[in-house]
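Two complexes are shown next, each including chain A; its partner changes from chain B in the first to chain C in the second.
Presenting the complex of A and B:
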C-alpha cells in the first residue's frame, strides 16, 4: 500500500474515465459493453489495488442531471430566484410556470424528478389556489419541494403528498436565500448519481462519498491561479461526451443575484461529442454561422457523417463555438455573459487531449469576429493535466 | 515570471490597449518629475491642497479644463473617468468618444482614459506638471490603473468597499477585493521606483446618513488592505456630515485610529493623510446658497485639519459643471483658506470617546472573523452585517442599521442591526434623539434629510 497521505482520484464520465495518482494521470475510453467497475479494474486494476478504500476519491458526471419544473408567482422574483438555484445545483429546467396562467400550460408527459413551488414573502399568504393541486395531480413527478411563503406551507403540505417544505428562498428584503434549496437539490442530484446501478458498484473501491464532477470543478475555481495562468474574469468549459459544463465568473453577469460563490455554473445536457453527438450535430445544423465555420476549418457538412479522429476534433471545435453562442446575446437564454470582458477561457476535460491550443484559439477568434464583431481575444488556457479537477478533489 | 506579472500581461493584452511597454513605463515612472506625485506635496506640508472634480470626453476639452484650473491656482488636478470605462465597456467608450469628437457634443460623462491611451494622456499630464488624482468608481480597475500610472497619474482613488457598496447593485464583492489587491500591488511596485504612488479611499460612501463609525471602520480597513500589499502613502477621507462638531470629532478619531492600526500591522512608516470632501449630498439649486455651502465646507476642512479638500461647484444641483464654474470654486476655496487664520481648537472628549469605542468594537469583530485573510474577514463582516452601510444599493449589504439626525444635526444610530455597537454607546446615541415620535414621522424625517442643505 502507498503512504496514507496519498490519494487516488477517479473521474467517471459518460465517455472517458481518468485515474490520477500523486505521480501520474491516465485517461481511458470507456468500454460500454462492460460495467464501469469491471472496465475500471481491467484497465487500472493494478493502480487501484495499491490504495486503501479511504484514500480513493471518485466523482462522476455520467448521465448526471435531474429535471425540474418550477411553479412561481412572479418572473422577477420567485421564478428568477428558483431558476438560478436550480441551474447552479446542476438541475435541468424543463419548464417554468407562472401560477396565474397555469391553466394555459400543457402538462409535460415525461417524468419530472422534482417540482419546485415558490412565491411570496413570508408576510403574504393564500397565494395559491386549487388550480395548482389539480395541475400537480396530472403531473408525473418523483419529488416536490415548497420554498414559498411560510404562511402557505401548511396548506401546501395538506394538499400535496410527500411535500418537502424548506425555508422561503425570498427574504423580507426580496433578496435570495439559496442555501436550503441548493442543498436539497444537490443532495437529490447526489442520490441520483449514487442510485445508478453502475455507480453503486464503485463503492466497492471507495469508502468516500461519490461527488458530481461539476461540483468538484466549481469548488476548485477560487484557487485556480495556483495551478494555471489565468486572469479573472474567466469562463471554464468542460466539454464531455454527453454534456458540456460552463463555469463563469459572476462579474460577467448583469443580473447577479447571489452573494455567495465567486463562480456560477451551467450544464448543457445535450451538448457532447459522443453520447450527445447527434443533438450536437442538430444544434450545429440550425446555427447560421456553422457553415462558415466549417469552411473556415476546411471541411464540409459531410464531416457529420464521419467517424474519424478528424470528425471528433471538428465536433469539439463546434461544441466550443455553440456553447459560446449559447452564452452570448446572439441566443437569449437563461444567462448571457459579458463575453467582451473575459480575459481567459479555460478548457478542461477530454477536449484538451484532442485539440491543440491553436485549434481552440481559431474557434474563439472566429466566434468573437462573427458573433460579436469584435477583435477581442481572450487567452485560451488548456488544463491538459486535469489540474483543476485534481485541485477540486483536494479542496 | 511572477503570478502578478503573468496577470498583468493578460490584462494589458486587451484589444483596446495599444501595445503596453512595461520597460518604458517603469523608466518613465522612475524619472518622473517629483511634482507629479501628490505624496511629495503631502510630505512638504505647506498648505491644505485643493482639488476639484472634472473630466471631459476629448483630449482638447480636458486640456482646456486643466488650463482653467491652473489659472485658478489649483494644487491637484482631477481626472474623472466616464461611466462606460468605469464598467469596463471600452467598446462603447471608444464609439462615444468618436461621436463626441465629430459632433462637438459630449457623449461621455468623463475622460475615457483607456481609449485615449497612456501615450496621449501622458503628454497632457507632464505638460501641466501637477499631481493628478484619478476619480473613477470602478470595481475592476486593473486596466484603468495600469493606464493611469503609465500616463503619470500617481494618485489612485477608490477601494473594494468604497467603490462598490455606494455604486453597484450586484457586482460580486469578493471579486472586487481580488481586483483591488492587484491594484494595490501594482501601486506598491511602482512606489519603489520614485516617490510613493498615493492611494486614497472614498469616505463619503452613499453620502446619506452614514454614521461616522461606519465611515471610519471602512476607511481603516481599506487602508490596512492597501498597506499590507506594500503601499506607502494612503489617504483616508470623509465628507461633510451636516454637523461641524461631528466632523471635527470624526477627523480626530479617524487620524488617531489610522495611525494606531497602521502601527499594529507594522506599517507605521507609511504616510497617512486626511482628505475632506465638501458636502456630497443633494446641493441647493440656488447657486448663491451653493457658494455658501462650499465656503462653509472649506472652513470645516480647516477645523478638521485636512491635508486635502475636494471641492464641489455652484452648479452641482443642475448637472456637470462648466470649466468656468469649476475654476471659480478652486479660486474661492484658495481665497477662503488664505483668510482663515487663528481658528480655535475644538475638542469634544465625550463624543470622541464614544466614537472611538464604536470603531474599536467593530474592528475587533472584523478581526475576530475566522477567515484566514484580512480581505475575507472584511468580506464576511459585510455579508453578515457587522459592517452595514445605510442606503447602499448592493445586494450584499444588510441595510439593518437605521440612522437619524439629532437636534444638532449629528448622525445617530437608533437601530444597530448586526453592527456590534457597544451597549453604552448605543444608549448614548439613542439618548441624543427624540424617539418619542411615531414611526411614520421618523421615516419622513429620514426622507426629508436628503434635502437638508436645500434651503
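Presenting the complex of A and C:
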C-alpha cells in the first residue's frame, strides 16, 4: 500500500474516466458494454489496488444531473433566485413557469426529477390558487419542494402529495437565501448519483462519499490560481460527452444576485460531443454563423456525418463556439456574461486532450470577431493535467 | 401598509433613496427598498412578491421621463395590480418644465400621485391622504 497521505482520485464521466495518483494521471474511454467498476478495474486495476478504500475519492457526472421545473410568481425574484440556486446545485432547468400565466404553458411529457414552487415574502400569503394543483396533477414528477412564503406552506402541503417544505428563499428584504434549497438539491443530486446501480458498485473501492463533478470543479475555483495561470476575470468551460458546464465569476453578470459564492455555474444539458452529439449538431445547424465557421476551419457540413477524429475535433470546436454564443448578448438567455471583460477562458475535461491551444484560440478569436465585433482576445488556458479537478477533490 | 420603493433607471442618487426609506419607516410603513438603478419590471415584481399596496418610484436625473412611458404597457401584463397606489417623485424632467404639464403627463402614464420637485414630507402627506381614500379603515 502507498503512504497514508496519498490519495487516488477518480472522475467518472459519461464518456471518459480519469484516474489520478500523486504521480500520474490516466484517462480512458469508457467501454459501454461493461459495468463502470469492471471497466475501471480492467484498465486501472493495478493502480486502484495500491490504495486503501479511505484514500480513494470518486466524483461523477455520468448522468448529467437532475432536471427541474420551477414555478414562481415573478421573473425578477422568485424564478430568478430559484433558477440560480438550482444551477449552482448541479440541477438542469427544464422550464420556468410564471404562475399568473400557468394556463398558457404546456405540460412537459418527460419525467421531472424535482418541481420547485416558490413565491412571496413571509408576510404575504395566498399567492397560489387551484390552478397550480391542476397543473401539477398533469405533471409527471418524482419530488416537489416548496420554498415560498411560510404562510402558504400549510395549504401547499395539504394539496401536494409528499411535498417537502423548506424555509423561504426570499427574505424580508427581498434578498436571496440559498442555503436550505441548495442543500436539499445537492443532496438529491447526490442520492441520484448514488442510487445508480453502476455507481453503487464503486463503493467497493471507496469508503468516501461519491460527489458530483460540477460541485468538485466549482469549489476549486476560488483557489484556481494556485494551480493554473489565469488572469481574472475568467470563465471555465467543461465540455464533456453529454453536457457542457460553464463556471463564471459573478463579476461578469450584469444583474448580480448577492450570495456567498464567488462563482456561479450553468449547465447545457444537451451540448456534448458523444452522448449529446446529435443535439450539438442540431444546435450548430440552427446557428447562422456556423457555416462560416466551418469554412474557416476548412471543412463542410458533411463533417457532421463522419465518425473520425477530425470530426470529433470539429464538434469540440463547435461546442466552444456555441456555448460562448449562448452566454453572450447575441442570445438572450438566463444570464448573459460580459464577455468583453474576460481575460482568460479556461478549458477543462476531455477536450484538453483532443484540441491544441491553437485550435481553441482560433475559435475564440472567430467568436469575438464575428459575434461581438471585437478584436478582444482572451487567453485560452488548457487544464490538460486536470489540475482544477484534482484541486477540487482536495479542497 | 407595505411600500415598494427605489430609484428608476440608470440613476444612482442613493442619498435621496435613503431619506425616503427612513422617512417612510418613521411614518410606520413596511418598506421594501430596491435601491438605485432599478428596472421598471423589478418594481412591479417586488409589489407582487410582497403584496405591497404602494409603489413609490423616485427619479433624480430625469430618467423617469423615458421609463414612465412604459408603465401602462408593463402594468397591463400583470393581473393583480389594479389597486396599487402608483406614486412617482423627485426631479421628473431633464432641464425645466411647467409643473402642471409634468404632473398631467405622468398621470397619463398611469401614476396616481406625481410629486415633481416637492418637499419629501409634503409628498408623504399626499400619500397618506390617498391611502385613506383608497383603503378606508
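Keep this in mind: the second predicted complex is superposed on the first by the 395 of 395 C-alpha atoms of A that agree within 3 Å, B and C clash if a C-alpha of one lies under 4 Å from a C-alpha of the other, contacts with A are read in each partner's own complex, and residues count from 1 in each chain.
FYI, a residue touches a chain if its C-beta (ideal position, glycine included) is under 8 Å from a C-beta of that chain, and two chains touch if they have at least 3 such contacts.
Keep in mind that what you see is a predicted model, and the values were worked out from it rather than measured.
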Partner, of chain C and chain B, that touches more residues belonging to chain A: B
After superposition on the shared chain, which partner residues are touched by A:374: those of chain B (first), chain C (second), both, or neither? first
If we overlay the two complexes on their shared chain A, which of chain B and chain C does A:110 touch? Say first, second, both or neither. neither
In the superposed arrangement, which partner chain does A:77 touch: chain B (first), chain C (second), both, or neither? second
After lining up the shared chain so the two structures overlap, which partner does A:262 touch, if you call chain B first and chain C second: first, second, both or neither? first
Contact-wise, after the overlay, does A:340 reach chain B, chain C, both or neither (first, second, both, neither)? first
Under the stated touch criterion, which partner chain does A:292 make contact with: chain B (first), chain C (second), both, or neither? neither
Looking at A:173, would you say it contacts chain B, chain C, both, or neither? Reply first, second, both or neither. both
Contact residues common to both interfaces of chain A (with chain B and with chain C): 173
Interfacial residue positions of chain A with respect to chain C in the complex: 73-78, 100, 119-121, 123-125, 170, 173-174
Residues of chain B touching chain A in their complex? 3, 6-7, 10-11, 13, 15, 88-89, 91, 139-140, 170-175, 178-179, 383, 395-396, 399
Residues of chain A defined as touching chain B within the complex: 173, 175, 225, 229-233, 249-251, 254-259, 262, 340-341, 343-344, 374-377, 379
Could you pull out which chain C residues touch chain A in their complex? 2, 30, 32-34, 39, 41-42, 44-46, 48-51, 78-80
